[in-house]
Amino acid sequence: MHRKRVVLGVAVAAAAATVLAACSSSGGSSSTSTNSSTAKVTLSWWNNANTQPLLGVFQNVIKQFEAAHPNVTIQNVPMQNELFKTKITPALRGNAPPDIYQQWGSGQQATQVQSGKVADISSEVSSWISSLGTPATEWQTNGKWYGVPYDLHVVGFWYRKDLFQQAGITAAPTTIPQLESDDAKLRAHGIQPIGLGSKDGWPDAFWWEYFAIRECSQSTITSAMSSVNLSAACFTKASADLDAFVKTNPFQTGFLATPAQSVPNSSVGMLANGKVAMELQGDWEPAAGSGLTSDKNFDDQLGWFPFPAVPGGAGDPKAVLGGGDGYSCTTAAAEPACAQFLQFLTTPAVEKQIIGAGAGLPANPAANGDLSVPAEKDAAAANSAAPYIAEYFDTALPTTPGQNLDNAVAKWFASPDASGSGITSSVTTP
Amino acid sequence: MMTAITAATPARARGGRRRSSNWTIMPATYLVSIVILGLTVVPLLYVFLDGAKSTAQISANSTALPNPWVWSNYGQILSSAAFWEFLGNSALIAAVATGLAVGLGSMAAFALSRYVFRGREAIYTLFICGLLFPLQIAALPLFLQLQLMGLLDNQFGVALPEAAFSLPITILILRPFMRAIPGDLEDAAMVDGASRLRFFAQILLPMCKPALVTVGLLAFVTSWNQFLLPLLVFSTQSHFTLPLGVSTFQSTYSSNTAVVLAFTALAAVPALAAFLWGQRYLVAGASGAVKG
Amino acid sequence: MTRSTAADAGLTGPGAADDIAVPGPGAVRRGGRYRRRRKLRKGTELTILLGPGLVLFLGFVLAPIAIGAYYSLYNWDGLGPLTNFTGLHNYKIAFNDPAFVSAIEHTLILTGLSLAIQGPIALGIALLLNRKFPGRTAMRLVIFAPYVLPPAVTAVMWSLLLQPGGLVDQVMKAAGLGGLVQLWLANLHIVLYSVFAVLTWQYLGFGIILLLAGLQGIPAELKEAAAIDGATAWQTTRQITLPLLGPTIRIWVFITVIGSLQVFDVIWLMTQGGPAGASDSMATYMYRTGFQNEAFSYGTAIAIIMFLFCFAFALVYQRFALRRDTRGALTRAVG
């Protein structure tokens, strides 16, 4: 009897609570759809800065903005990156998406624009957006602005100066053959040359994409991304180059199962602990690695050099692969408050705080000098001087072909072949 | 063989007989126990020990003992209000989900095991079908539905679907157990004037304790470790459950693995405690009612 | 009385419940109105017993699944409007994709291994743990503990243990088995079996607990009676315990097969189904090519295919195996 009463009691309580909950729903964004810039507005802000130091920086930034715009309240909703990515799609599908949310531009943005929930802010940003330069154009879709970047990323080689010295390497390699001979020197001294977080797929993609950028001209790359087609001959050549390079055994043992970041046995962890000498990665590498080592000098041991030139390639040896982080406003968000906040994030003073937290390179070139890690400055300089920046293919392409490409490259690394047909055909697979 | 000789001993010498038949069993039991202990405990010990290192230590050498012992990981977690918030949320949701699943599940299993009615097997099959789908297929529609019902960012938005998804396995396990209770008991109860519902509550359920504890533990652990549902439902960090709470120690490019492991070691404690409490009922409860 | 098996003795065993509803000797049959009242009462009782569970289940499980299944007939990325009806196109693509076909193979391998290896081990351990011995509670706790760990942590932990030079390698070298060391997670041919080992570690405890619960339902008197009749422990086990444990074992098989067909968490978090899909199960394939790629309709189509696998098994199993548990007489008196 006692059990039955308990069971019934719980059931009744649950039913009652459901009714109550339905009546007093909570959560979700609550912005008024007024256009006046003096009425009270609240903006919910979904970002991936869920840990220090960027979390604290953003909280400060919110305070500063609210002080300058007393009628605006910003509700910070930080979320770990993978959680955020899982949540944003259903949220855009539902009827209460966040007002401001993070997105990475280009093809991914185009896919999201289809939901009809992303706001076209071209008129609100036209007066100042050009000061951010060419990289910001990744946040245009069909010529209209749907987002604004707040930091940029570039991919290059991060290497340990101490290990290079040990192996007797005096200068960073500038061509692939030089890189291969440096690898041999490192191996001769018992050092694993290059770390690769192949388990996650996207680090593999960096390799293939850089060979593609070195083999293909800029116009080939641009048209390939927009037409979602990798049939040009230079892409096959890129696969052949990569195949020849992989055959020189440059990566660490068991690289197929090594994750890229976060965990101690990741490739960046290995770089941080001196178990590999270099890694082809984005500018987040110092931040990602410093938590995994007790070596306080890690940042200073790092050097940076751009992806070497490929002899005979049609691509510019100074072109870089990169991307960035940005934010978009949804259609329910109050304007011009939303666009003003996005602009605020790109002002030099705020950019300084953001890059101080190790988020990446500033979206506003005026803040380039504020980078703290020496190697980062090299990366930023290469980024600013690059004739063009190719965005990571999986972001430049719409989401499905982009992910297919990453998967295909990862699969290729498990059993490399010179034709790379599995890779080039992956973007057109239905 | 010992047992053959002693088998002839009359019942009164039961104690002696049992002792000698254990000669061959006990060493085997202990040997197996030790092997299992090793295979199970050592990795578990890892979670605990690595939680007492710094992530840098784990990176450098994952198998060494902590040096120095970084108790601050555990300290930091136990003293953070967020951890207890997560714990409370998880506990509340798990309690509701388990209570509902076991309560409604046992009622349904009783109906499906001891009543005869048209459509009984069809309804049973319907429940079992719920087991046959992966949760991900329901994720997006469920999210939209919960949004419509206003259950987002709300504990019941998680507890109710969790209970619903635990129903099939609860019913699957309970139904044969309930069937096995002899009909005489039910008849006897009815002769004494009790309704079938009272028989259910006062006689059948207590007899099914081991099975009830089993399904309760399953529902509890499933809810405790549930990740996808709370992720979809909760946006506000203060509503997070423990598995989501881990993400507060992980960021885009890095993850404080040592703290994550410490966090997990601590988060597993309530579930283990629930098991400790429940496993008493897995002890032999002879179906005493069958005796004359 | 001595019988060769408990089942023959007609003693307590799972039997048909069909007879229970018939009133026993005590009730007096009355006509018309009495019978209607009884019918109404039975209906009411059934509504109370089944109603809430059914409502909860239909509302939160079947409805979303049905809606989700509907999406699989379109080509939809979860964001735009639902306009591109493609019928069974997604299903055709799936079966033509060699990656999916090998995912099916892997899943079937894992299922078979689970039955063949986890079953006997769990049974043996449960039998051993069913007797009283000092430290039994602690043993049970230890065995169940892996099941309690969230899959995320199991994955992280075993990734660390299985990395080149990790604890597993070190222990093997120390035990003189250094020659057998492999790249557990990087070797395409081995990774599936490494994953299976981790899955066993995590889920064995569940099987043991389930079987223990079943063992508790076997009256001790039966074993005592058998022992008095001169049966050895092995004979008792084989001819009394195991048959009576039959229903529980059959449930374990059902849950294990369904669970193996849907296995996701540990594999995804440890290897993402890699490297290069070498450890893909149907569910990890579904998640990667469907939901992660935002090819939502495709992912749902894969989920439907998984359901069909499970459904086919459930149908066959219900017909041939579980049906046994509904047959057989239910005696009304003992001894």
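So that you can tell them apart, the chains are marked A, B and C in the order they are listed, and the count of residues begins at 1 in each.
Going forward, a residue touches a chain if its C-beta (ideal position, glycine included) is under 8 Å from a C-beta of that chain, and two chains touch if they have at least 3 such contacts.
Predicted model only: the values in this text are computed from it and were never measured.
When the partners of chain A are compared with those of chain B, the chains appearing in both lists are C. Chains B-C form the pair with the most C-beta pairs in contact.
Rounded to whole angstrom units, the spacing between the C-alpha centres of chain A and chain C is 40. Centre-to-centre separation between chain B and chain C, using Cα means, comes to 14 Å.
Chain contacts: chain B has residues 58, 62, 100, 104, 107, 139-140, 160, 197, 200, 257 touching two or more partner chains. Shared contact sites, meaning residues of chain A that touch two or more other chains, fall at 11, 90, 93, 263-265.
Across the assembly, chain C contributes residues 52, 78, 156, 160, 163, 166 that each touch 2 or more other chains.
Listed in rising order, the residues of chain B touching chain A in the complex are 54-60, 62, 96, 99-100, 102-104, 106-107, 139-140, 143-144, 147, 149-154, 156-157, 159-160, 197-198, 200-202, 205-206, 231-232, 235-237, 244, 247-257.
By the touch criterion stated above, chain B contacts chain C in their complex at residues 1, 3-4, 7-8, 11, 14, 17, 21-22, 24-26, 28-30, 32-33, 36-37, 39-44, 46-47, 50, 58, 62-63, 100, 104-105, 107-108, 110-117, 123, 125-134, 136-142, 145, 160-161, 163-165, 167-169, 171-173, 176-177, 179-180, 182-184, 186-187, 190-191, 195-197, 200, 210-211, 213-214, 217-218, 221, 224-225, 227, 243, 246, 257, 260-261, 264, 267-268, 271-272, 275-276, 279, 282-287, 290-292. By the touch criterion stated above, chain C contacts chain B in their complex at residues 12-21, 23-27, 42, 45-46, 48-50, 52-54, 56-57, 59-65, 67-69, 71, 78, 124-125, 128-129, 131, 133, 135, 137, 139-153, 156-158, 160-161, 163, 166-167, 170, 201, 205-206, 209-210, 212-213, 216-217, 219-221, 224, 227-233, 247-248, 251, 254-255, 258, 262, 264, 283, 286-287, 291, 296, 299-300, 303-304, 306-307, 310-311, 314, 318, 325-326, 330-335. Interface residues of chain C facing chain A in the complex, by the touch rule stated above, are 52, 77-80, 89, 93, 156, 159-160, 163-164, 166, 183-186, 188, 191, 271-272, 274-278, 288-289, 292-295.
Interface residues of chain A, counted against chain B in their complex, comprise 1, 3-4, 6-8, 10-11, 14, 17-18, 21-28, 46, 48-51, 54, 77-83, 86-87, 90, 93-96, 261-265, 268-269, 272-273, 284, 287-288, 291-295.
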